[in-house]
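The same subunit A turns up in both complexes below, where it pairs with subunit B and then with subunit C.
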Partner chain A sequence: MPDLIAKSALGLPPLTHAGTTLMESALPQITAIAPFPGQTGAVGDALGLAFPAPNRVTEAGDARLVWAGRDLAFLIGAAAPDGLPASVTDQSDGWVALTLSGARAVDVLARLVPLDLRGVQRGQAFRTALNHLPLVLMAEGEGAFTLLTFRSMARTAWHEISDAMEKVAARTALVQ
Partner chain B sequence: MRIDGRGRIDRTRPVTFRFDGRVFAGYKGDTLASALIANDVRVVGRSFKYHRPRGILTAGSEEPNALVEIVGPANQTPNTRATVQELFEGLVARSQNRWPSLRFDALEVNDLAAPFLSAGFYYKTFMWPRRFWEGLYEPVIRRAAGLGSLSGRHDEGVYEKAWAHCDLLVIGAGPAGLMAALTAARAGADVILADESSEPGGRLLSDDAVIDGLSGADWVAQVLAELASLPNVRLMTRTTVTGVYDDGTYGALERVGLHRRPRPNLPRECFWRIVAKRSVLAAGALERGIAFQDNDRPGVMLASSLPAYLNRYGVVPGQKVTLFANNDSVRATARSLMAAGVTVAAIIDPREDAPDEPGITVHKGAQVKRARGRMGLREVLVRVGGREITVETDCLGVSGGWNPSLHLTCHMNGRPRWSDDLAAFVPVEGAVPGMLVAGAANGSFSTHGCLAAGTQAARASLEALGVTVGQADLPQADDAPYRIAPLWAVPGKGRAWLDFANDVTVKDVTQSAQEGFRSVEHMKRYTTQGMAPDQGKNSNVAALAVLADATGRGIPETGTTTFRPPFAPVSIAAMGAGGRGEGFAPQRFLTSDQASRDRGAPMVEAGLWYRPGYFPKPGERTWREACDREVRMVRSSVGVTDVSTLGKIDIQGPDAGRFLDFVYTNTFSTLPVGKVRYGLMLREDGHVLDDGTCARLGQDHWLMTTTTAAAGLVMRHLEFVSQAFCAGWQVRFVSVTEAWAQFAVAGPLARDLVASALGHAPDLPFMGCAHVVVQGIAGRLFRISFSGEEGYELAVPTRYGEALFRDLTARAETMGGGLYGMEALNVLRIEKGFITHAEIHGRTTAFDIGMEKMVSGKKDCIGKAAAARPGMTGPAREQMVGLVPLTDDVLTAGAHLFAQGVDLTREHSAGYVTSVGYSPTLQSHLALGFLQNGRARHGETVRLVDRLRGVDVLCRVSDPVFHDPKGEKLRA
Partner chain C sequence: MRLTCPLCGPRDRREFYYSGDAVLLARPATDAPPGAWDDYLHNRDNPAGVTQDLWYHEQGCCSWLKVTRNTVTHEILSVESVAGTSTAGGAA
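On to the complex of A and B.
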């Protein structure tokens, strides 16, 4: 019997407006890790990554531990070891990962996200909202962001972001 | 008339536009108002109630008269202020509230009937007969009154919403605002400077101010150049701050594309939400008029608009101007006009001790009694000393003093203070946390005063943020004192206008007081003063001064009405940008979405999800035919449906079982690994919150399912219970709804289909669960049923959902089965008497739905105590029953149940219907509902009545489980 075929949430080609590009990333491995009471230190030790403070990311090699809520972090880019004193849940299929990067990425996100993203650095991440969609937003460095939202809402997210990109591009064209 | 060599318009870029069908010429940089003045158009609109011809009154956003419709290819925007609308090539504008034309308006007859149409006329006249109000009076009045018209189509224009953040928000870019922004920017603060005009500068662009030896405009240019060189300043022109909200949040409306020809994707407007640590309000002041007879004639304007039109746009609205003012400010205006070659006929000053002005006749102790010239001012009648003289003039500039623009300080319940010196209200300190008021908005009316106040406000704001600001030299500017002798209305006969936009006169306000509406709030509502689009900016203070006079109180005792957001009109389309049609809410799509649509399934909304209603086959003409077929298919062979929308919550930890015992009414901790149990959850008040199953995947690992509707609600509930009552327990949970695609397989052939998909027969007892491998992929299999047939649910990671759905569909079809949708799913569960949120709608208890035995007596749970309160159980409760019609009639959900023979009144309603459907299995319509003492009434006949839909059917009350009551099929 043939194996089932995996599909990405969108399967759309990258979109560029005003030097800013939106694209769907390959599905990262995402594991939700929720330490049991008093176990954040032990979880951090076992992972080799400090459990992040709110709005922070800790990194080691390819592995990133992203704060994702109260007593909750997403381990991205590495598998969780067995026997953690935490609830460990595979979330890889629950999210769609989009990247937005370029000169106007911050301006585009200012249309959608109620946070001041000017000057945020890699190492910062936010559990916030993209208009009415749930959002985990990770800063990737100068003008680049990874956006995780519910996979079922991927089309709405794409529409909202591309719509904001078009408007920002139309404004940019006025200035030039 | 255009004046050569004046104004900031670009004379190299002529622009043509249309007003009421006629083509006119203007220049880039003009507003519609200035271009109409340049073309000597005097009448621009008709008044709200009396349809009097009206001209342009102001040069700013407070304009009450010059409201026009802007007609674009896709939009028709009413009530646009011609003083704000900038000119662009091809602009089409139309005057409002006139028929058939602006020059001849049939409803001007209202003006002749004015003696009968004073304040309160409608309330007194249209009381009787009462039923005529809605059908006749109101539509007629609405047609006669009013402002612009709507196109009746959706506004498909592009609008935008955005967020901005800063240390200091400076509102207004006049001398105070520019100094505030400059001071803060030099100190390194993150500054937003917002100004409603197309150009920053405020009155400095209009008046003949001199700062540090430069003209006002040159000084502004110098400041702007410095601000532009600083990376920490954002200048937002054409942006009106419209409201102040909690925690330093400000609403602001930016005109992005309204001053240009439409172009793709360019927003018309953007509604900003600006979050500022501190703010400086430097919104300036608004000039006010003086009421006298027929002071609304076209050509009577606010005096300060004249230098604005002259110096910004190079136009004057008359060749022989007269000025009428109770303060000194028109002296500079007169000089400015004369320097441009305009004749100034006279200055009329009510003050006996008014200063002289060289080269101009100044009538001291004089008042304008009346204006004449219906379609354009011809002359004014002036009372000076004991005699009356006539002054020939085509433009009268009036100044009754200045009102600080303090509106935003009142948006969080602040009340302004009356200043006798200024004869105006001024803001009180601390009215808005974090906001300081500077310049004319705070009652400093000299240029020097504004510059100093702006600097000081920025300094104080930054110091509050812990930033020290170095000393800098203040630019040198004029510091003339403000001298005023209050005059609100010239006594005399005839109508003297206060509120031009809503046609409210001095007489209306005094009449309001005479008729007992003496409070300013009552006067406002009785006369409608201040309720027009200008929100009374031009008339509030004068109207309450007249009211104070009429009631014998002082102005401070009379007080003001409340200023609320928005400060200026905001398009709903801007506030709701992106929210039209499908943009209203996020859309959630199943992995099977495309496959379902490919089969022609109409999608129904279930919360935010889109689920297939049914899967039509060729030859089927109605949804019922498809639904009946799908139900029979599941009962006779096998059906597949996507159930991924159900909430899935992964629960882990040594205390997980204990936690589940606490949130569910029944016991879970004793459930063996590999088994599933149905559970019921109560709210704290004892009513049913949700139902669903919970599977024990491992010793400390559980998977809870919720209904689609309550997935978020249950997650929130678990969070609350965990944090509030179970802190410290070794349990954590996380939603995995999105991570798994799950499909129900139901019917007598379900086991065969699952065996075919897995490659081996599923060895699961009823209510069992197992980890399985589905075509190479690790999945989960549950033997549960929502249809009453033998049923399985097969789950795989979401990325494989579409592939598994298509695979299961193909396998089912080869076995004579296929897909079924929401309609069939609903009928199948009604046949089995299974509940959904139609039944557990928030007012029902476990007792009501017949599940009181599921509330374990051996342990406590959320809602157990409250569910035991008196009145929560017993025969008086409406209990869930089945209903079978005695005839072949269609039943409706929402219908009420009555005992036979009683009157059909509210008091006799004994219950109601929650779910209905046609059962092809039982070949009858069926319903579920709630009936008082219903479980004791099986076999009784009741009357099902739906008066909205004209349904009245006799039904037999039955057990809610119509099909296979012993559950032999699902355990097979």
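On to the complex of A and C.
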């Protein structure tokens, strides 16, 4: 096997508007885990992480198990052990991770994501849409989010978010 | 318009794909008379009032949902997962 060079999806510098910063994160290792019927408990035991309820994340150390759909969770930050009673697929190359953080992050996302994100806390994650792009949105804490979307749509996602950031910044400048 | 997905909670209409009348859940037996298949495939009511249809939570949990709604008042009366709750539950 040749030694392949991992390249980032965008290679763009961080972008800041209205005190809110959009950045591309390091390539995450993402493993999709779909437990076989009735095996969510066993999968949780094997991973040392409880299988998350809808819209939740469970975490232990660097490893996070993010609810990503019906009977499906993404394991991020750890490798999946062999022999899980689940369908396990490596999705790492299929996704791009962006972080959006700052005072106006919720206002920026309000223009793109059809959810009320005011008051969401770390431990919550949502499978939803960024305009028309599929999105896994993880709350990292006050005004900070990690956004996972398909790597093939990374430039579109960056464009949509930067556009919304510019509009939020313009509106803020107008009000002052 | 919002639908309350049994898994994801209240979500915007943009996350859902509309698939048509819930009659598709009642597939006739293979030896059913042609009339039953005609009704299943082609004939639809257009009620002013309560109707049931199928929606797919495309930008969410990917569940098929049976939605009961009123076409006159636009009230959503119930949203049920077609496959039941299955094993989708986990730890909060």
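Following the convention adopted for this analysis, the second predicted complex is superposed on the first by the 173 of 176 C-alpha atoms of A that agree within 3 Å, B and C clash if a C-alpha of one lies under 4 Å from a C-alpha of the other, contacts with A are read in each partner's own complex, and residues count from 1 in each chain.
Simple rule for what comes next: a contact is a pair of C-beta atoms (placed from the backbone, for glycine too) under 8 Å apart; a residue touches a chain by one contact, two chains touch by 3 or more.
In this text the structure is predicted, and so the values were computed from the model without any measurement.
Of the two partner chains placed by the overlay, subunit B and subunit C both lie in contact with A:71.
Shared-chain residue A:37: touches subunit B and subunit C both. With both structures placed on the common chain, the touch criterion links A:55 to subunit C but leaves subunit B unconnected.
By the touch criterion stated above, A:95 is placed in contact with subunit B alone, subunit C being left untouched. Of the two partner chains placed by the overlay, neither subunit B nor subunit C lies in contact with A:10. Once chain A of one complex is fitted onto chain A of the other, the partner contacts of A:166 are limited to subunit B, with no touch recorded for subunit C.
Within the superposed three-chain arrangement, the count of touched residues of subunit A is higher for B, of the candidates subunit B and subunit C. Judged by the touch definition given at the top, the superposed model places A:63 against neither subunit B nor subunit C.
Of the two partner chains, subunit B and subunit C are each touched by A:114. By the touch criterion stated above, A:174 is placed in contact with subunit B alone, subunit C being left untouched. In the superposition on chain A, the residues of subunit A contacted by subunit B and by subunit C overlap at 35, 37, 71, 114-115. Those residues of subunit A lying in contact with subunit B across their complex are 1-8, 27, 32, 34-37, 71-72, 86-95, 110-111, 113-116, 118, 131-133, 150-156, 160, 163-164, 166-167, 169-171, 174.
Of all the residues in subunit B, the ones that touch subunit A in their complex are 158, 160-165, 256, 260, 263-267, 273, 275, 578, 585-591, 608-609, 650-653, 727-740, 759, 774-777, 796-804, 807. Every residue of subunit C that touches subunit A in the complex is listed here, in rising order: 7-9, 11-12, 14-15, 59-63, 83, 86-92. The residues of subunit A lying in touch with subunit C in their complex are 35, 37-40, 44, 50-56, 58, 67, 69-71, 73, 114-115, 126-129, 134-135.
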